[in-house]
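Letters A, B, C and D name the chains as they come in the text, with residue numbers starting at 1 for each one.
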Amino acid sequence: MFTSLKLCYLLPCLCSSRGQESAGIVTSNGDNPPTYNTLKGMGLVNNAFPPEELLKLRYGNLGIGHTRYSTTGISELQNCQPFVVDTLHGKIAVAHNGELVNAAALRKKVMRHGVGLSTSSDSELITQLLALTPPMEELDSPDWVARIKNLMQETPTSYSLLLMYTDVIYAIRDPYGNRPLCIGRLVPVSRMQNSGAGEGDTEGWVVSSESCSFQSTGAKYYREVMPGEIVQISKDGIKSLSIVPRPEGDLPAFCIFEYVYFARPDSIFEGQMVYTVRQRCGVQLAIEAPTEADVVSTVPESATPAALGYASKLGLPYVEVLCKNRYVGRTFIQPNTRLRQLGVAKKFGALTDNFAGKRVVLVDDSIVRGNTISPIIKLLKEAGATEVHIRVASPPIRFPCYMGINIPTKEELIANKPEFQDIAGYIGANSVQYLSVEGLLSAVQGGIPSLQDKMISDKPCRRVGHCTACLTGKYPVNLEW
Amino acid sequence: MFTSLKLCYLLPCLCSSRGQESAGIVTSNGDNPPTYNTLKGMGLVNNAFPPEELLKLRYGNLGIGHTRYSTTGISELQNCQPFVVDTLHGKIAVAHNGELVNAAALRKKVMRHGVGLSTSSDSELITQLLALTPPMEELDSPDWVARIKNLMQETPTSYSLLLMYTDVIYAIRDPYGNRPLCIGRLVPVSRMQNSGAGEGDTEGWVVSSESCSFQSTGAKYYREVMPGEIVQISKDGIKSLSIVPRPEGDLPAFCIFEYVYFARPDSIFEGQMVYTVRQRCGVQLAIEAPTEADVVSTVPESATPAALGYASKLGLPYVEVLCKNRYVGRTFIQPNTRLRQLGVAKKFGALTDNFAGKRVVLVDDSIVRGNTISPIIKLLKEAGATEVHIRVASPPIRFPCYMGINIPTKEELIANKPEFQDIAGYIGANSVQYLSVEGLLSAVQGGIPSLQDKMISDKPCRRVGHCTACLTGKYPVNLEW
Amino acid sequence: MFTSLKLCYLLPCLCSSRGQESAGIVTSNGDNPPTYNTLKGMGLVNNAFPPEELLKLRYGNLGIGHTRYSTTGISELQNCQPFVVDTLHGKIAVAHNGELVNAAALRKKVMRHGVGLSTSSDSELITQLLALTPPMEELDSPDWVARIKNLMQETPTSYSLLLMYTDVIYAIRDPYGNRPLCIGRLVPVSRMQNSGAGEGDTEGWVVSSESCSFQSTGAKYYREVMPGEIVQISKDGIKSLSIVPRPEGDLPAFCIFEYVYFARPDSIFEGQMVYTVRQRCGVQLAIEAPTEADVVSTVPESATPAALGYASKLGLPYVEVLCKNRYVGRTFIQPNTRLRQLGVAKKFGALTDNFAGKRVVLVDDSIVRGNTISPIIKLLKEAGATEVHIRVASPPIRFPCYMGINIPTKEELIANKPEFQDIAGYIGANSVQYLSVEGLLSAVQGGIPSLQDKMISDKPCRRVGHCTACLTGKYPVNLEW
Amino acid sequence: MFTSLKLCYLLPCLCSSRGQESAGIVTSNGDNPPTYNTLKGMGLVNNAFPPEELLKLRYGNLGIGHTRYSTTGISELQNCQPFVVDTLHGKIAVAHNGELVNAAALRKKVMRHGVGLSTSSDSELITQLLALTPPMEELDSPDWVARIKNLMQETPTSYSLLLMYTDVIYAIRDPYGNRPLCIGRLVPVSRMQNSGAGEGDTEGWVVSSESCSFQSTGAKYYREVMPGEIVQISKDGIKSLSIVPRPEGDLPAFCIFEYVYFARPDSIFEGQMVYTVRQRCGVQLAIEAPTEADVVSTVPESATPAALGYASKLGLPYVEVLCKNRYVGRTFIQPNTRLRQLGVAKKFGALTDNFAGKRVVLVDDSIVRGNTISPIIKLLKEAGATEVHIRVASPPIRFPCYMGINIPTKEELIANKPEFQDIAGYIGANSVQYLSVEGLLSAVQGGIPSLQDKMISDKPCRRVGHCTACLTGKYPVNLEW
């Protein structure tokens, strides 16, 4: 039986690694009509909420939260999710991850109905679309599921969505499955340990963009929400209500950048751990771009699995060459002439003994602007590396993302600059090589289990397909709205 | 010619005495489409805005602002005015003072159109009503004036409203004129002094709930917005567009409590200064409730004009008996048993020499809950007053206000408690007498000039009429919606 | 019996009107060795201490506190009193009011003993002097009283001092009595009301610069500490230990500016209430400088008693002409050309009806720099006053204070500027007249009871004498050290 | 020539990894008399100082700073270093690292001279000792070097000290060299690159506890300050003034815990890099405590070099098994019953694919209380590890440190608890083994170059010797003072 999703389980699901600008949380006590408690604050989850405010949430047994790394809309408390609106049928709270590709057209449509929009956020747009359609006057009951389906027909991607209404939460993933969303299960300790239930012992369900956030609540990974799926969570448990299909012939388009860079390595997507995919990228990179060198190392910390994969495939020793300084000052070191001239790699210290007099392969996960790798190479060479070869465990990024990932403008991307013709010379490396798009896809897709998600396998759905738009310019849907 | 409403003129019009919970300001650069800059913050105007944020507003030449003393809706930044919404025809910004008597019915109406409301504030409701009606699809152009008139037909009172759209500001007062609104004029210094114009010298118009706020901008009082009037302010100057009438036979219903307590004494309503009205209340009180006593004094500072009026009418000496402590601690003095037993009048010190051995008449402007006057009387008696007679320059408050004034619930009002039967005994006074409703009305209405507002006197409008609902229970409109 | 000086009584004695830059408090639990708890913070008392910190003080039954308006030493937490130092005989805590006239010489003396001084404050200097002298090695016991007497021989003025050591507080006033210090008594409510003692009911003693602070604790004014007196407060009650004499022939030198401006009107000095002294100054001013006028008014709020005295002496009506705006913005109104040209009196609104068409006498308590009275006069004239006569209830300030009052430099004082020759013309008044030094002294000294302080009257001490150095340049002691 | 030690070089030397509670900085403009600018704040260096305050420091060309991790004295701004005191000869500023073993005796000695101590910090004690001794009256000039030597005779250890006086900085290390201190050199970019000098190009000297902080200033490691050495830095460059000897027969006692845990891995002590020493500890551990297992891993991040050394020595594969969550909430996760029962390893995620079905050796750098390793072992086992063997790259900690390292009390140390008899059972591991004290010493001392520091090699000093008191209870000096 569903009992309670207590505060302490809810909060850790606000996965700070996915957004550090603002955080919000809304809980419902589940009564009819319900009492909602809302908290919003700027900054990391830890700091955003004063402790005395958190106590307010104590009485809820369901809730949704959000952390934000702004992609559209300036970073204001007003734009902070979840968005709560009062409708004819009561209050709904909505949190989402992603960016609606046809937001501009949808805004116009909503405003044409006479609705004013008080923010620039997709969240408000989504809530107003849910409130508007289908025409309210034709309905006796709220029927939020019909409205959600309607919304999914209006906008194909990109969003993972949580909608709370009184005593139910709907977890929704867009038909292309562009953004991740997964479900975890809270099992009571007493049952796990055959002991009596203590205070705060609980069973229930949690939903999160990344499975890594489950651990700190004690929840276990259960499964992903499928592309196009609407899952209902209530006191009667979890239920898959519907799968809204994609246009005939379209593949899913799960963001490949989640594997490459964005997600935490211990998260699970499509049945495989992100860390392992990154390791496979390193192995694949070793096949495509082997190097004659003495040691292999990493730009800590995100490139470490790829570096270990690369080293093991080539049989080269893996060593650490850089020590990360966790307390680098952001505000006070005014980059004066001297420091600019020196090009100091302020974030890293050199572990000289491990590479002085040696040829180093340095594996990085991606090179976006090209201005951080250059001082690192200089640091290694000055400290005695005889050669520094850069191997990048992903293809060059060349195109903007319109689906929620914060990528620099086309002009800022190093891969679009003239200097890219001689990228090794530009950054001071002895050689630079990237993983191919095909190599990345095979590293990612090669590990996906063939019979995932049996629970919903009665619905035919072609599962494998990824969005590589930032690498190839091939967007999953037509962007001309 | 209208030139600019610069920052420094706009800000002081945010009259802090009318609201200290939050403050907001929106400016427009007047271009087409316009750029709006918005600032919102909690607390007094002075503290709500960081100086670097204020610089953002520099480029506007028109703007509206608001300070808030919450009556409905919890004190959240989200509820903070002005409210800006994007509509099919561009952005509008709305600030208002008052409380819609039929808000609940209007919320339902708006939501029935499929609009979700994200706050509990009347401001959002007003903006959505303006966006919705009349049906957008029938209109080629925005025609905000038609929409405002429509709004005024939907809700009779209580609101004074500012609506900014691109390069125009509309100043509106509800048909009953329940909340004040007046216009001030900025005359260039150069013209006033026959000297050359300096940087920042400006002409223009300012609008405010209270005329007292004009002074700090150098603006001069021009006139009131009339009940039901829509005034347009643009680069072409000021123009009275329309007066939406009240139902046949209804009088205006300007809030009498503005005179009694709420407004600053140097403000002007209906052609008369608030201070002078309060003085007349004191005179009237002396006629209705004379006292045999040695000295007359005041509960500083708001009751001073009434006390001076009372003393002069009876020919008694006016003295100060209380010294206000401006630094009284609110947070740290935990009222323990001892202090409760002592009933210390912490906010005041006794000026003993002025009243020891004497019979004191203490004039107060109003007695709401009755728990602050009691320790004062005790303080005076312990310090040597032989008698303390309380004279209140307004009638007892017995009824709630649904039009924007924050009055305690019916149960909390001392006038509705059994103790009121022996109010003098209850608060420890030798006698207590109140001004009558008729006395108050004659003190207020006796000073209104007969031929005010010639400028718009071609429109016939019965001018004199006041809302006394909190004293009499007679509300200006039917409250059953 | 002395029982406890609980938190709630201690805190209000930190009289915020005397210092708003920082506040500090130290309590002792009275054990041997004692536990001291210290709180220091910037800003007003109310804001300086977080509530959870205040709870720490709960366990003390004696304590000393301080609020600071910096005269020497920059406003740093480090300079914030009370100053606590650990000595060979245990910890002492010291708080003082005033400024040592020979601080520079004393600093050198202390440092010549090999002591480093970590702040620029007199408090640290006093504690180190107490720790040093007389030579420690000659003493078996701490004998703080001997050390205090020694200190008083080293420095004649200006200080009122509190010294806490374990379970005793010494209250000391310098031999000239330049700074005020008085004692209040806490009587248990139960005894006052013949009822049982409740929790927190207490008897004890409080000491403060101004008696006005006693009221909020429920304490009653008991008496002043005499010039040169050392009073001991302990669980055995209050005891006058000694009176350190002045040099033969010297009079006391209590700061006359405390009467004129600095103290709160409900405080008592030398047996008389400050308010009443100010009223007498107004009467004296009416004798010295009568005016032919229609109304008398005040620059609110500090000049009101003088204005009432002036009006009553001349039989002229007292009215209010200015309304103080309590929420004037300090930070955001950038004084641009326009506002400077207008010379707007931003802090005040004009109560026109009371003076339009009339000749006004405006009484002020003092004119220091002369730049605030000028816009007020302009405001009154523009609003219709036919004449504005300024009467100042104190003589012109011409000399700096070296004894703790924060007076502008000699050059900034209007009385030392060439413009003072035609002060009326300079500030735009029809006439300006000041109270004479003799007039001020007679107003102050005329009301001092002849047989004050019987309790200690066995000691012969010439009581009447005031420091008028800022008015006359006659300092009570030689300043050449 | 020595020119300037500009702000941007000074600040990064405040090595945040060594103290995060408070930070302070004092600069001198070098004039006679000098102007000192002081900044102090709570928290990390980055946050402790508001940017506008930092600008104040701009005019100095020498300065000293400090970050604090409190070992004695509560964390108050007052205790925050550097400590500045005014003496007869002018102001000195002092910052130190370490803890005086005979502080209590020295406090008494200072107080016996009649000096009051206003803080509980060693810094104030040191400044007062410097001010006091030798007797000031015997000296015509300040002679700080004589005073420093005197101080070093009064207290043998533990301190590294910076003393700034007008235009000179003295860098001092105690005779046992217990705390680290090293010197870096700023070489102008122009000379390095044969180009013209730009604005801000500088030469000079920097001093720091750890060499890792030099990099972000562009300074190069120069050499260590030797045990007992007094180094003078002025505009005439760097000069070794004296080496104060230890008692005959005593070895140096450099803190071995700096190698084991405290220092950043890219720092250099005694001619060797900390990272490399830790790697050697892993190798030595593999010799002393080999394991039959499938993979070797680390508790990230500090144990990684030891784990890599261990794995390479045994020829076992090194893999990552734990993923660190950088955003773990400290404040809000109330450890309720459920979470306590689950014993969740909140800070780490499991990288399951790397160890499921395998025998894992987990290398940690030290086990202090034993309550963090236990949930990690549980996490690994639940995720599929068949065996988990703990290998600790240092001996058990059994004794308190009185020399500046913040180690729990004897009772809290797991090595002193009964459970330590079956430590493996207690923490749930299959086996637990520690490095021996001899093994640690050989790993540390085996890599020290034999002819370090030629520059001062004319002074005979036996260089190799380490404090192992926390492991062995053998303190370098007698602690009975």
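The rule is short, and it goes like this: contacts are C-beta pairs under 8 Å (C-beta built on N, C-alpha and C of every residue); 3 or more make two chains touch, one makes a residue touch a chain.
The model shown is predicted, which means the values in this text are computed figures rather than measured ones.
A rotation of 180° superposes the C-alpha trace of subunit C on that of subunit D, rounded to the nearest 5.
For the pairs A-B and B-C, the larger set of C-beta contacts lies at B-C.
If you average the Cα atoms of subunit A and of subunit B, the two centres end up 50 Å apart.
Computed centre separation for the pair subunit B/subunit C is 38 angstrom, with centres defined by C-alpha atoms. Multi-chain contact residues of subunit D, defined as those touching 2 or more other chains: none present. Taken as a graph of touching chains, this assembly is arranged as a ring, one closed cycle with exactly two partners per chain.
Listed by chain label, the pairs that touch are A-B, A-D, B-C, C-D. Residue ranges of subunit B in contact with subunit C, taken from their complex: 6-8, 11-12, 15-17, 20, 44-46, 49, 51, 54, 189, 193, 198-202, 212, 215-218, 264-266, 273, 275-276, 301, 304-305, 308, 312, 317-320, 323-334, 336-339, 341-342, 344-346, 349-354. Here subunit B touches subunit A in the complex through residues 77-78, 83-88, 92, 107-108, 111-118, 120, 124, 127-128, 130-133, 135-137, going by the rule given at the top.
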